[in-house]
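Next, two complexes with chain A in common: one pairs it with chain B, the other with chain C.
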Partner chain A sequence: MKVTLAMKPAAKGFIPIEAESIVPKNFLAGTDLLVWRGNRELRLDEVFSVSVEGEADRAEGVEVVLSGETFRLKRVGEYMDGGKITVLGGIGMHCGNFMSGGTIEIHGNADGWLGREMAGGTIICRGDAADYCASGYRGGRKGMKGGTVEVFGHTGDFLAESLAGGTVVVHGDAGDMPGAEMRGGTLVVDGDCSRPAANMKGGSCYVYGTARGMLPTFKKIGTVQHEGRTLIQFAGDLANRGKGNLFVKGYEYLD
Partner chain B sequence: MTELLVKNACVIDPLRGINAEVMDIAIRDGKIVEEVSDAAEVIDARGMLTMPGGVDSHTHICGTKVNFGRYMSPEDMRAGRTPRRGPLHATSGYSVPTTYGNSYRYSVMGYTTLLEGAMAPLEARHTHEEFTYTPLQDTMANTLFDGNWGIMEAIHDGDIKRVAAIIAWTLSAVKGFGIKLTNPGGTEAWQWGKNVSCIRDPVPYFEVTPAEIIRSVVEANELLHLPHSVHLHCNNLGTPGNYSCTLGTFGLIPDLNEKRQTLYATHVQFHAYGGSGWKDFCSKSEPIARYVDMRPQIVMDMGQVMFGRTTTMTADGPMEFNLYRLHHEKWSNHDVELETGSGIIPVIYRRKNLVNSIMWAIGLELALLTKSPWQCLLTTDNPNGAPFVKYPEIIGLLMSKKYRDAEFATIHPDTEARVPLPAIERELDWYEIAVMTRAGQARALGIQDLGKGHLAPGADADVAIYPLKIDEVDPSAEYQKVIDGFSRTEYTIKRGRVVARRGDCLVHGTNATFWVKPKVPENYDMGKDPDFIEKFDRYYTVRMSNYPVQEEYLARNRCIETEADL
Partner chain C sequence: MIVKDAVCPFCGCLCDDIEVEVEEGRVVAVTNACELGTTKFMGEKRMKNPILRDGDRWKDITYDEAVRYAADVLLEAERPLLYGWSGTHGEAQCVGVHMAELIRGVIDNTSSVCHGPSILAIQEVGHPGCTLGVVKNRADLVIYWGSNPIDAHPRHLSRYTRYAEGFFLENAFRDRKVIVIDVRKTETANIADEFVQIRPGGDYAVLSALRAIVQGKADTIPRTVAGVTREQLVRVANLCMNAKFGAVYFGLGLTMTQGKYKNIRNAIELVSELSRHTKFTISAMRGHYNVYGSNEVNTWMTGYPFGIDFSRGIAFYNPGETTAVDILARKECDAALIVGSDPAAHFPRKCLEHLADIPVVQLDPYPNATTAFCNVQIPVAVTGIDAEGTAYRMDGVPIRTRKVLSTDYLSDEEVLARMYARMQEVLEQ
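Right after this comes the complex of A and B.
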């Protein structure tokens, strides 16, 4: 089953739409869903032109395609457990919160909190992702616990904060504090970043570019070969009795 | 004039010695009266268990410390969310809920009076403001004097009357109710990066010992004729082997008051540990309970630990630092100028953890081994041992050996060798539970004469009617019914009004705050004492004239005036 949701042009295009109902399995029972715009609850067809092709009896057989000004949509794919969501443009905050299965593919950029606290499934973002990509939430002990997030562009600050499991790969640069408080899982940044893996307790963090503002609480172990690269291995964060591994191609301490 | 008649109530009212008598309760204008007119509104209690409104004599619900717990645990606010509804505000939070969350949940459990366990005098305004937004309970605040410079200097000079005078001035200024000592001396030592290990260690610079602080303040408390006794959180909380320190502290206390205890020792579970380290950590509830049995001048509360997530918060800064070093989670530390300090960390008590399992057992043992329920009151030191919403489960555990055994089977297997709990057969009855949750607490706080904790004519019409028929429920077997019954009153009546019904709060309510104002002779008025004023202006960051809490901060209040013997 393929569900196509094309956003209708809105008079007040600055009001975000909270669309946690856009999850593949919800379409098995039809398209009679509700979304919020500000304090108003609207039917799905008031916001989108909806068309459905084919049938499915399981969430895995459902693909939802979103187009139009989709960067206004928040919480798309929250608690998703199967199926596929394809976003042809950008997507708003909190896409794929708590997801446990299925795939979300974003062709544009993603706003903050992409894949927050996800437990499984795959998110692919072909553009950039903003702050708190694949992270935990305020105060929480564990962030992302499983699954995969792959971003082809750059990401903002606090990438994979409190990462506890799963894999996060960023092909561009990351901002400040990627992998802060991480305790498990794997984080790979192909480009540069600053202050990686602060206060890490466990897991592995790879920076294939340069780690700026390298934290002094990591202990240098030596060099290792990893997937054809020579990386410098650190253990830490010693400030937190951490048993994590940080691998960087190059690093510079603060002056 | 509003009148209410509660008919056919099965009343347990320990302060009047009433044990399960079916009777009517007449209420007029917020007070219990002998009888009401025929025009009175009638509630038929149909033989349900009816008791005075619950009193919590040690809980942390309002003030800077609690609020900082909220700040640092945004994840806690993800639980317990309820939307705004009718007269009710939205609530959120589990271990450190919003003030309305606290108030509504306590009310649904039948609690009508709460004592905030620790208010730093300098930050009293915050506590009083939050009291205003705790609408369904009357409140009072214990005021911290554990590291008060002026008091320690007076003790060093051996001047008990000056100690009393400083306490009198401070209590009146900050609208406090009683004296709280939290790790006396230890919080001041912590400001030097140190702690005191027990009651004989001198405090840096001031050269007084915790024993001297405790004894002097106890004497000063009686000179001021305060309603409540000194409320003590002993030194050395949470360390293996600390029970000997606790016993040593109890041994300092003379019997000075006929009406009530001379010392209220709070959350004694945290102070009843044996062993020399975490490896041989064990329960020492038996010696503590035996000691308290022999000393009517001491009342303690359980400080029961229940499994799950919670937040620990105390003025005991050094102890929280030690906890932080164990858990390595987030930690807050706070210093309150010339007075005290505090620390906060979130914790999870786990069944699989041997130490946590032993702690859980010790709290129950204290309640079961202490002969008189008047001397061991039911608390969790909310939220330190567990959030107060766990009280019904604790009542279930105290009333049912079967429930205890079932729970015991789920905890760490090595616990059995370290604690006496499995051998204790005692099951508390309804009357004893009533003592531990209202009557005993009211007497210990010295508020029974103010109409709290009993249902005699003239008392405040605070009544809790639980959907339990005590002749039909066998608590030792049907413990789930007991837990459900105590979790949700049929009616909670506060000041003559039904404020909660079957789990729903019905009205907004208004809080009243109790505070004390001891009258001292002119020459002991610290507001006019040149030395006190000079020290104040020199060391505090606020001016003395800005320090007292204005009456505007107390929406509705009852001032308790006492005559000091100075």
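Right after this comes the complex of A and C.
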């Protein structure tokens, strides 16, 4: 079953729309769903032109395609456990929060908290992702616990904050403090970033570019070969328990 | 008439030993207060009555008209923003939270642009803090990190640290060491026993290095960290570990620089580490006299300290998304109520551009920068001068501010309560 949701031009400026009801499973029972614009509840067809092709009896058989000005659409795919969501443009905050299965593919850019606290499934973002991609929630001890997030562009600050499991791969640069407080899982940044793996407790962080503002509390172990690259291995964060592994191609201290 | 033991409604020190001399309904002299407090007590040129923007002119209106306008504008909005609150008393803040819930708006206070990051860090790792009196009487080491009390909290030094007597210190002035850590040599640095100058953006690295040194891992630290030599870091760590009672006070130099709440988290974790060796505490140098109260009131009413979004009928909290600067910069609100603060003087231009596009109502005794962005401004009594109410000191101690003179102005609480009543009336119809 393919559900196409084409966003109608916004009547009311820039007020974000919260649409946690847009999850493949929900469309098995029809398209009679509700979304919120600020403090007003709206029917799905007040915001989108909705069309459905084919049928499905399981979430895995449902693909939701979103088009139009979707960059202000929040919480799409929250708690998703199967099926597919394709976003042709950009997507708003909290896309794929808590997801445990299925695939979300975003062709444009993603706003903050993409895949926050996800437990499984796959998120592919073809553009850039903003701050807190694949991170945790305020005050939380564990962020992403499983699954995969792959970003082809750049990411903002606090990428994979409190990462506890799963894999996060960024093909561009990451901002400040990727992998802060990480305790498990794998984080790979193909480009540059600053202050990676601050206060890490466990897990592995790879930076194939340069780590700027490298923290003074990582202990150099030596060089290792990793997927055809020569990387410098550090143990850290010594300010914490020093049980994590950080691998960087190059680094600069703020000295 | 002289009013004794008045409470100064300026900064988070909330000094409660002020003497105010009042003659013919005016404050004519202030004793004991610092220059900042004195200026606030002596403030003049208040707005006389509510005003409504009428084209490119202002029109005088009555309180009833202003209240009606404000209530209607906020009720009509799909995502109203209720911002400010640090310059008013707790009772008014209570009405504000009820109002946010009733009209399903977002309520945020000025801590989202000052010590909000401190609270985010506290939510991650807790707050090993204490009251100011404990520091005054016991601390033999005080660290000011990214804060400059001589300019911002002038009496903090004389009432609680550098120049204060201490019950458990024989000669407080001699026995108490002061360390200042900052990116530039401030006035406070001049009276410190040790000054640590950090390169801008290097606080986090220095905090991490100190944590490692306190754990006995000094040999792994590079020769310099953000402009600070390893020798100095080791000296500072030793001063801390050898102190009987240490207290860290941090300001916006730590909360609003690169890394923000992670800086504070690192500082709290350093304090926890030091507490394995001696007694150490950490507290924020809160700015406005009742900004701590706005966090208290919001927390006990909603569960969250600032940036609370009621649009779905329940409280949702996510600083960076539900905080005033982010909402305004992203144009995500369609009306605003400003109480006891002046965002136009402090917010980025992008935020003000949106503020200029939406209806704005402000409660403030004086014309200020935000007046230029308002549709309606309602003058109110000043808490601590002609209105009384509860305020929370920077260490979380509630103190009832006193009235030193009487005027005809309504308090924030009274104006907000009238607005709330009008909203209830409209919603019931």
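Quick note on the criterion: the second predicted complex is superposed on the first by the 254 of 255 C-alpha atoms of A that agree within 3 Å, B and C clash if a C-alpha of one lies under 4 Å from a C-alpha of the other, contacts with A are read in each partner's own complex, and residues count from 1 in each chain.
By our rule, a residue touches a chain if its C-beta (ideal position, glycine included) is under 8 Å from a C-beta of that chain, and two chains touch if they have at least 3 such contacts.
Since the structure is predicted, the reported quantities are computational estimates derived from the model, not experimental observations.
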Overlay on chain A: chain C relative to chain B, clash or fit:
clash
Tell me which partner A:177 touches in the superposition: chain B (first), chain C (second), both or neither.
second
When both complexes are superposed, which of chain B and chain C contacts more residues belonging to chain A?
C
Scan A:27 for contacts with chain B and chain C and give back first, second, both or neither.
neither
Looking at the overlay, does A:138 come into contact with chain B only (first), chain C only (second), both, or neither?
both
Touching partner for A:15 - first (chain B), second (chain C), both, neither
second
Report for A:48: first if it touches chain B alone, second if chain C alone, otherwise both or neither.
neither
First (chain B), second (chain C), both or neither: which does A:208 touch?
neither
Listed stretches 24-32, 78-86, 96-104 or 132-140 of chain C, narrowed to the one that overlaps chain B:
132-140
So which positions on chain A get touched by both chain B and chain C?
137-139, 141
Chain B residues touching chain A in their complex are 72-76, 78, 328-330
Per the contact definition, I'd like the list of chain A residues that touch chain B in the complex.
137-141, 240-241
Chain C to chain A touching residues, read off their complex:
77-79, 103-105, 120, 123-124, 199, 201-202, 204-205, 207-209, 211-212, 215, 217, 220-227, 258-259, 262, 265-266, 269, 310-313, 317-321, 330-334
Residues of chain A touching chain C in their complex?
12-16, 18, 36-40, 93, 112-113, 131-132, 137-139, 141, 176-177, 180-181, 195, 198-199, 213, 215-217, 219, 237-239, 253-255
